[in-house]
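Chain lettering (A, B and C) follows the sequence in which the chains are written, and residue indices restart at 1 in each chain.
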């Protein structure tokens, strides 16, 4: 049994003009000690999926259907109070996007890292902060910064503190939502190395969400590509990265420069992601897809296995 | 250490402003009120002359001697009041006197202890103003924060909308006029509150009944203050809190398992405090003026009422002293606000200390 | 900018503005006040404003009358103010050289309260001052009772005579004596002779309670007032004889204790408030922009100095200094506006400075400077057009505080003494303790007008802000 099992998950935002189908029928799972990358353009629903896994979509967002099981325990439909007390941060924690604002400017870093201990384990403030020091050290920070305020820390230090916060309850599953966005390139590399090291040392089971495929390729064992609320390709990292199957993945990979591979020219993907209020019928990429053919605008493609463990949702592979 | 330095620099700054304000005040006094003083001196001398038959007899035949005598008397008196010195020096002397709270004597007013020293009169009125104003302000802060938080939490709800409309409506309400209306309503028609004053006449016996009597008289003016001011506070709080609620750290705190009321009253309120303080400094200082004028309406014998009486009696020393004390009071509240802001916002607290430490 | 472009952008702006409900409401209120300030003076001459403090100007108005319209909302009807100049005359000779001249007035009293005043005014031509005429004033009640209230020799100097029957001591004791006859001994103990309003027994039913304000029943019907003059000289005569029955209701807003028509005061006060509010905000905003842009444009140590001055100015408390200045200099309205501007430009200047700094750093401005544009040109072409829209919003938003500050000064008795302002009306109300007497019609309208006018500008400012800064939309 996988550690995290997501089945047919639908998460919509309900606004006055209708429902934005940000996550539509997504199924993934995560084994213990595994890391899964979730990539896609901005607005494809990958962050929504991340929040849905914590079951804390900001209103007007809501999980409409499907199931999320952590270690066999269903969390969809669980009461908010129970989620807060038993699931979040204990079972599943999150490294938030945008380290700049995740830390409250008027509290010390130590307090904010230690906060989960205070509310989940009922520790005293002092004791909790002592514990937090260990985790700060673990992420490569000087433990004495517990008394500092966020504005005294650099972006990279803040991101490390955020990672320490996520680790402090030793959650079974960790979600890293854009862990390196808004950081300098060098700091990005440092954070990636830190996550790699933590993964190795602690055996983390982790879902990394990023629009940056190079970040994911460094960290993920498996890779899922999302487009307009759906997973279009899912497979072992190497397999997807070196030999993508889906036309969208191909285009996406061509849009980033590479060092080791010969590349004709950088490509961009024409058009823009669809409006998720009323996504196009059939395959959602078809208006932008150069290979579209007869069934694409009518039937939705299912995920099919093209190579061992490598799935793709494209009529090019289901119909041939 | 660094913070101490920052506070000292802030104090020096305020002192400089105080000096400049007092300079303006003294300039006004020296150019206008001294005319009055000179006329008064002349009258005094003539009265002295008329009251002294010996002198009159001596001057009966000799008009020049009389003139001379008047001139010397004038000179003496001018020296006494420092009117013989050049204008600039007079102004400086006056600034010094104001700083040492030497305001002179009132023409027409007396303190309860019977002193006509302007300083005594003002120091008697000051605590009354502070009592009315601070209690009112504390109530405003409590109500404003509570309603503002609730409205931000349920943005767009009935509460939120009515609060916004009320804030806009009370924005242009003159506080003292509202007080007059409340007297008509609550005192004349409903007869549940006294129409003014600070104590019943005669005051009741015993400390406890005295305090209760004071509170009874305090209620209506305080209610007026709260009624006019709280809407603006609540609305500002609502806007600040609403913007803080959308910050990532709120979401992060919720995710970490912080209970909702701790998120609201801890994370959000703590982070909202500095901008709330900044945004309400202006409104607070604006409402001091309104509050002082309201004292007249409620016959509350504080600084504002003192202004009214001094204006009616044309009592310049009292006017001058009252202005000086008001300025000091104003600057002191500015400093308190500043320090409060510094205490609340670590970015300023530590930033300032670091900047000073270099 | 060409004229046609300007008209075009104005049209665009109006199209946007029309959609702001609050802004339209504010504009409607403002137009109402402007209309009041323009149309009002046609019916209420400027004299009323100039002679606001002249007691004799208002002496023929009723004292402390409520607004007329309250009669529509109450079954307890109040008498209106009547000035009766129509009367019947009969003349005859008594003896050889005394001529009796009788003027008879009729007054229909259908109200639940007695009139507040009985005033007789006339001009007399007396040929020989040593032989003055005598006069009697007789009231004939509907129940047939006849009371002679006044009987006196008209021997004062001057020929303009004004007799306030209701404050005449003789008339007062006559009226009291009349009421006494019908009163029970218990009631009489409750009555204070001095406090009796003589009109009460005169216009009440002849029964117990006649002297008690809350028990007396009004005697309705036609009263006849007979004024008789006895002339000793054939040339003597009376002109412009007028009987004033003082109302308890008057005009749209009633009158104050000094008999002044409060609606006239409101109208003339509107002009002052509009003038002060608009002029102060326009001047202080323009000065603030000038100061802020200068500061940003000059930069360096000049900016530094200007900023220090700005800081000092914004931490000086305005009201105490304004009170002192007004108390000592007794300024006219223009000086008050000047003072308000001196202490009111800081907010705008801060905004203008930071905006000008931002614009100054823009690439296109750098480019313009690189090709040799002068500083003035840049300010005119790039800085001003961007700042001006915000200036209008902050003008609108600064009007209420200017109006309120002036009103506060006037309330303390420190306004321009040659004009009537809303604050002064309230000052007079406060000095005569109108609140404790429950005279809401005196207190309510000026403050309400102040609040509404302030509100209209706040609404307009809020609407402008919504158009200019759509992200800040809150209401």
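Some observations on this one:
The working rule: contacts are C-beta pairs under 8 Å (C-beta built on N, C-alpha and C of every residue); 3 or more make two chains touch, one makes a residue touch a chain.
Worth saying up front: this structure is predicted, and the values here are computed from it rather than measured.
Shown here, the protein chains touch in a chain-like sequence that does not close on itself. Among the chains, the centre nearest to the mean of all shown protein C-alpha atoms is found for B. Remark: chain B and chain C have CA centroids separated by 29 Å (rounded to whole angstrom).
Centroids built from CA atoms put chain B at 57 Å from chain A.
The distance from the centre of chain A to the centre of chain C, with each centre set as the mean of the Cα atoms, comes to 70 Å.
Taken together, the chain C residues at the contact with chain B in this complex read 312, 315-321, 323-325, 327-329, 400-401, 403-405, 407-408, 411-414, 426, 429-430, 434-440, 443-444, 446-447, 450-455, 457-459, 462, 474-475. Contact residues on chain B toward chain C in their complex (touch as defined above): 14, 16-17, 20-21, 24-25, 28-29, 32-33, 164-165, 168-169, 171-174, 176-178, 180-181, 183-184, 187-189, 195-196, 239, 285-286, 288-290, 292-293, 296-297, 307-308, 310-312, 314, 316, 319-320, 322-323, 326-327, 330-331, 334.
On the chain A side of its complex with chain B, the touching residues are 54, 56, 58, 84-85, 88-90, 93-94, 96-98, 100-107, 115-116, 119-120, 149, 151-152, 165.
In the complex of the two chains, the chain B residues touching chain A come out as 247-249, 251-259, 262, 267, 270-271, 273-274, 344-347, 350-351.
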